[in-house]
Amino acid sequence: MFKKLIQESMGKSPWLFHINAGSCNGCDIELVSVLTPRYDAERLGFKLAGSPRHADIVVVTGPVTKQSLPRVLRAISQVPEPRCIVTMGSCPQSGNVFRGSYSVAGPLSKYVHVDVDVAGCAPKPEAVIDGLALATQILKEKRGQMK
Amino acid sequence: MSPVINALSYQHFPIYAIMVLFLGAFLIAVFGRNRTARNVLALLSITASLAFILALIRPVMLGGEIIAYWLGGRVPAGGYAIGIALEVDALSLFFALIVAVAVFVSGVYSIQYMRHDDNEREYYTLFLMLAGGVMGLVLSGDLFNMFIMVEVLTFAAVALTAFRNTATGALEAAFKYLVVGCIGSTCILVGTAMLYAQAHTLNLAQLAQLLPGNLNTATKVAFALLFVGFGTKAFIVPFHPLAADAHGAAPASISVMISGVLTKSGIYGIIRLTYFLFQTMNLGTMQFLLVFVGSLSMFICVTMALAQHDFKRLLAFHSISQIGYVLTAVGLCTALGVSAGLYHAMNHTLFKGLLFLAAGAVLHETGTTDLGKLGGLSKKMPHTTVLFLIGAFSISGIPPFNGFASKWMVYQATYQKAVESGNIGFLLVTIIALVTSVLTLASFVKVSQSVFFGQLPKELEHVKEVSFGMRLAMGIFALLCILTGLFPGLVTSYITEPAARAVFSVAQYISAMGFDASGVAAESVVSFAHVGVWEPISWLLILCIALLAITIVAVASKYDNVSQRSGEAVDTKYELFYGGEAQEFSQVGGGDLFWGFKHNWRGYFDFMYRLHSGVVNDYALWAVVDLALVMLFSLIVL
Amino acid sequence: MTIVISALQYLGYVLIFPGFLFCFLAGMLLCGIDRKLVAKMQKRVGPPVLQPFYDFFKLCGKETIVPASASKTTFLMAPLVGLAALVVIQLFIPVFSFSAFSGMADVIVILYLLLIPAMSVILGGAASGSPYAGVGLSREMVTIISCELPLVLVLLAVAKTVGSALGTGLCFSLSDIAAYQAMHGSLITKISMLPAAVAMLLIIPGETGNHPFDAAEAETEICEGLLAEYSGAPLGVYKLSHAIKMLTLTSLFVALFLGGLGTGFVALDGIILFLLCVVLTAVSISFVHAITARLKIEQIFKFYWTLVSGLALISLVLAWYGL
Amino acid sequence: MILLNYIASFFLIALGLYTIVTKHNLVKTVIGLSIADYGANLLLISIGFNPGGTAPIYTWTELNPSSFFVDPIPQALTLTSIVIGACVTAMSLALVIKLEEQYGTTDTREIRRLRG
């Protein structure tokens, strides 16, 4: 019973940790707007956590520059299992307008398994919420696969 | 009765308890070249002294007997005491008990702790002289003997403070202590002389019989001189900077002696002086003096401690802060207050001893006590950490350790006094005491973060746990801390209340020596009634049940199934979170940990820092000003 | 046989009411209601009221990472000790006329018992070795110092008021305070106790570390401070402790100032207590949270040692002169 | 005559304290301590003085109610006190030498590594 309870809870209380991997700040602002009264993602249990140790979902924005790559990977590795990685905006998926730049190491999926991609430059808040909701479902599944 | 059996009667135990220590000092000075002989002699004499004192508990503490012992059988002739006397009532025995226990543990600790020092023979000689001096002081029934013992212990303490004279500040501390200590001793001598000129006796009991009611200018001045003299021994404000210097510079085992034993002898002197010799404690103004000085010591020293950067110096300031509690509670002149004060005095010896020994263990292994250079020792010295935490919780008054039990009684006593006397000043004292307690906690959080938790500096990678002997000594103190905290009822009814009752039975004290006590009021009705309730055993039981229940739930739900780094492989998962950066050494700690607090008090701290200038002339000036003020006070009030 | 029954009864107190189960359910609900209320005040929908339960169970299902530089035993045991100590405090606070373990601890003891959960957070954080925890520790300790002075003044004021009314001079026992209020009505109806009650309301968010006094666990600047390295179940236990602390402090307020509203039926009293706690939480935690921004640590100290202490001192002086 | 003794003894004590408080040289501080000590000793010996009394040296049989002698106790006390004073002076001078070696000065204003 407890296992089921925990698995259910896993889908209802996803805490976010936001990593800026060289973003232009457009997506960052959109992510914050998701938590504002208008969209209020907290009604789904979303909360911004201060430390990766507390997080369930890592939201990465920006094209993953060479400077930020080791830091992003380190922070992601410090998130306890089960965890989901969500890329937000087109940059971490493809590099967007920064593609081919000498300083860009992305896309992120070259280095870690990315669970959800939310495309757009910047994605609409509705899209972000949709992507995060999808991530919570994946989180729940991952929890189910754990012992 | 045959002489042998006579010599084994407990009547002789007080003098034995003193003499074994001095004899040990002498024998070590003569035969102490061999390490084994030295250790055996030292251990034997401190154990014997402890045994003699423990054997006296039954007749004196429980039986209520007062042992009057005339050296050489020279009993008073013609109503005047001509011989040297020892007089042991429950109060003396209480302090002797503290002394004996502290000396014993400190001695056990010394054997391992001082192993790497040279001149160990001199160390043990002086150590036992110091112990014997304090023991003689608290068991003496004679004012001049008290002076001699004060000189012996001051001398030994100064020499021991300077013992590691290559360490920073040891000589300086010793010199400052010597100067102000000698001013104090001279005060005691002059005071003794003036009392002798008036009463023509040096016997405490007879002085107690003659002095009250016959006060003139000379005796009033003598009171001030003796008060200041014993004040320097207790290091109460304004003598606290010397305590900080001396405790900080001395070896840890001697810091235990200075803070646990020497300061108590000062408190003992003040109690004897105010409650017995002059019997002035029923005066409101006299209570004010003690409570005022006590509260001042309590508060100034705790704030000074918060600003310290050195482990032992911080402990030294706390030592005086706790002595402030004792003096405040004793100064209330209520049965509960005296009992609380004595209880706290005992607890102070236990937990402060433990903390100093822990500081010594850190110094022994790392070679420094600078809070800014230490950190993360809990992984290297787990036992010392646990023992230190027990001491820290005790001194900060976290239940169920002993500091809480006695502090709680102090609050009860001060607040009760405030309500009974209708004096709002005592209310302020209660508040100061409570706030001091939380500031104490704060500075021990600072120490535990700066020394035992946080990150381990590279230079301390080689540190090991201290040897078993040192841990044993700390363990004894820790065990006593827990026991006296868990059974406050037993401690108060068998140890502190007889002692407190003795404080209020001056008439018995006088008549036990064979003097006429008809002029002195008989023992007043003494009530130890509390207002509050606190049952540590039940609390602990409930806590254990709760903790057990939580732990069972936690273990059942695989709480302890944690992932932890295996092997030495570097895995970023188990690094600390540094905002994504690689882990590097960054220890948050040191003296200024509580900047949020200090910022608001910066004016006060700047002022205090300028005041504690470290120049010996300034401290001497404080002593002289204090003497002048107390003299003025006693001339007006008494 | 009777011993077994009474032992079971006490075990029931510890485990069910007013011990664990009650603390767990009521504290979590309180926390959920608080979050919902703050959301409503900010014109948001807000999380479901049961959100703290979801958070707790989710955290139980997460991996617990012990950092390589942490002292494992302290790191893992500190949350459990803190939780147990909090539950025990709740046992000592009477539910109106009913008190599970009366005559075992008085208000001064409660004052000190409240330090144990705080110590558990501080030591647990310190044991993790994180510098964020070091900064958080400093701020947490200063917050404790800040709250201590006004809390002491409030408790002394109450002790004096009840004591002089009962003729004993002073009264530290919580059950006596409850009994007095049952006879003479709540203390908050006394003019002299009003400033103390207001002070106590301002102390509650400070003691629990809620907004705007949460400098110690500011997640935006020092990554939740002391809790920065905690993950999984131990973090869940800390979140639970935080929720129970809200319950403990609000029910302490009820015991000190709002006694005498009980009915005599324990179950009903429990519900009334909980409702009062909800109201108090709404006033002192949610409302303050919604309208203020986080204070700096030195501002917290100043606020408590001047304004709040001043209020409590007024009460104490009024009580002293019997007004 | 005896009054002069008392005045002198308190003057000596005050002088000693004055020296300790105002002089910044370690050796002078030690001298101040000694002066204060001498003052105390003078006070002690004056207290026991009876004008016209003989030395308090009697055998048991010689002692009778009419014998008039100075009080022996203060003399014993003074002796003890002098011995202690000598020890203290020796010790403090030893410390002064060591301090001079370590700090390179005997000025008390420079010897303040422990402060605050």
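Assorted remarks:
Every chain is named by a letter (A, B, C and D) in the order it is written, and numbering of its residues begins at 1.
As a convention for this text, a contact is a pair of C-beta atoms (placed from the backbone, for glycine too) under 8 Å apart; a residue touches a chain by one contact, two chains touch by 3 or more.
Note that this is a predicted model, so its numbers are computed, not measured.
Overall, the chain located most centrally, as judged by its C-alpha mean against the mean of all protein C-alpha atoms, is B. By the count of C-beta pairs in contact, the leading chain pair is B-C. In terms of their C-alpha centroids, the spacing between chain A and chain C amounts to 35 Å. If you average the Cα atoms of chain B and of chain D, the two centres end up 30 Å apart. Averaged C-alpha coordinates put the centre of chain A at 83 Å from the centre of chain D. Counting partners per residue, chain A has 2, 51, 53, 78 as the residues that reach two or more other chains. Chain contacts: chain D has no residue touching two or more partner chains.
For chain B, the set of residues that touch two or more other chains comprises 557, 573, 575, 577, 579. Working note: touching chain pairs come out as A-B, A-C, B-C, B-D.
Within the complex formed with chain D, the residues of chain B that make contact are 144, 148, 151, 155, 158-159, 162, 165, 168-169, 171-176, 178-179, 182-183, 185-186, 189-190, 192-194, 196-197, 200, 202, 241, 244-245, 248-249, 307-308, 313, 608-609, 612-617, 620-621, 624. Looking at the complex, you find that chain A touches chain C at residues 2, 5-10, 12-13, 15, 37, 40, 42-45, 48-51, 53-54, 56, 78, 80-82, 143, 146. For chain B in complex with chain A, the touching residues are 557, 571-573, 575, 577, 579-582.
Chain A meets chain B in the complex at residues 2, 19, 51-53, 68, 70-75, 77-78.
Those residues of chain D lying in contact with chain B across their complex are 13, 16-17, 20-24, 26, 29, 33, 36-37, 39-40, 43-44, 47, 71, 73-74, 77, 80-81, 84, 87-88, 91-92, 95-96, 98-99, 102-103, 108-109, 111-116.
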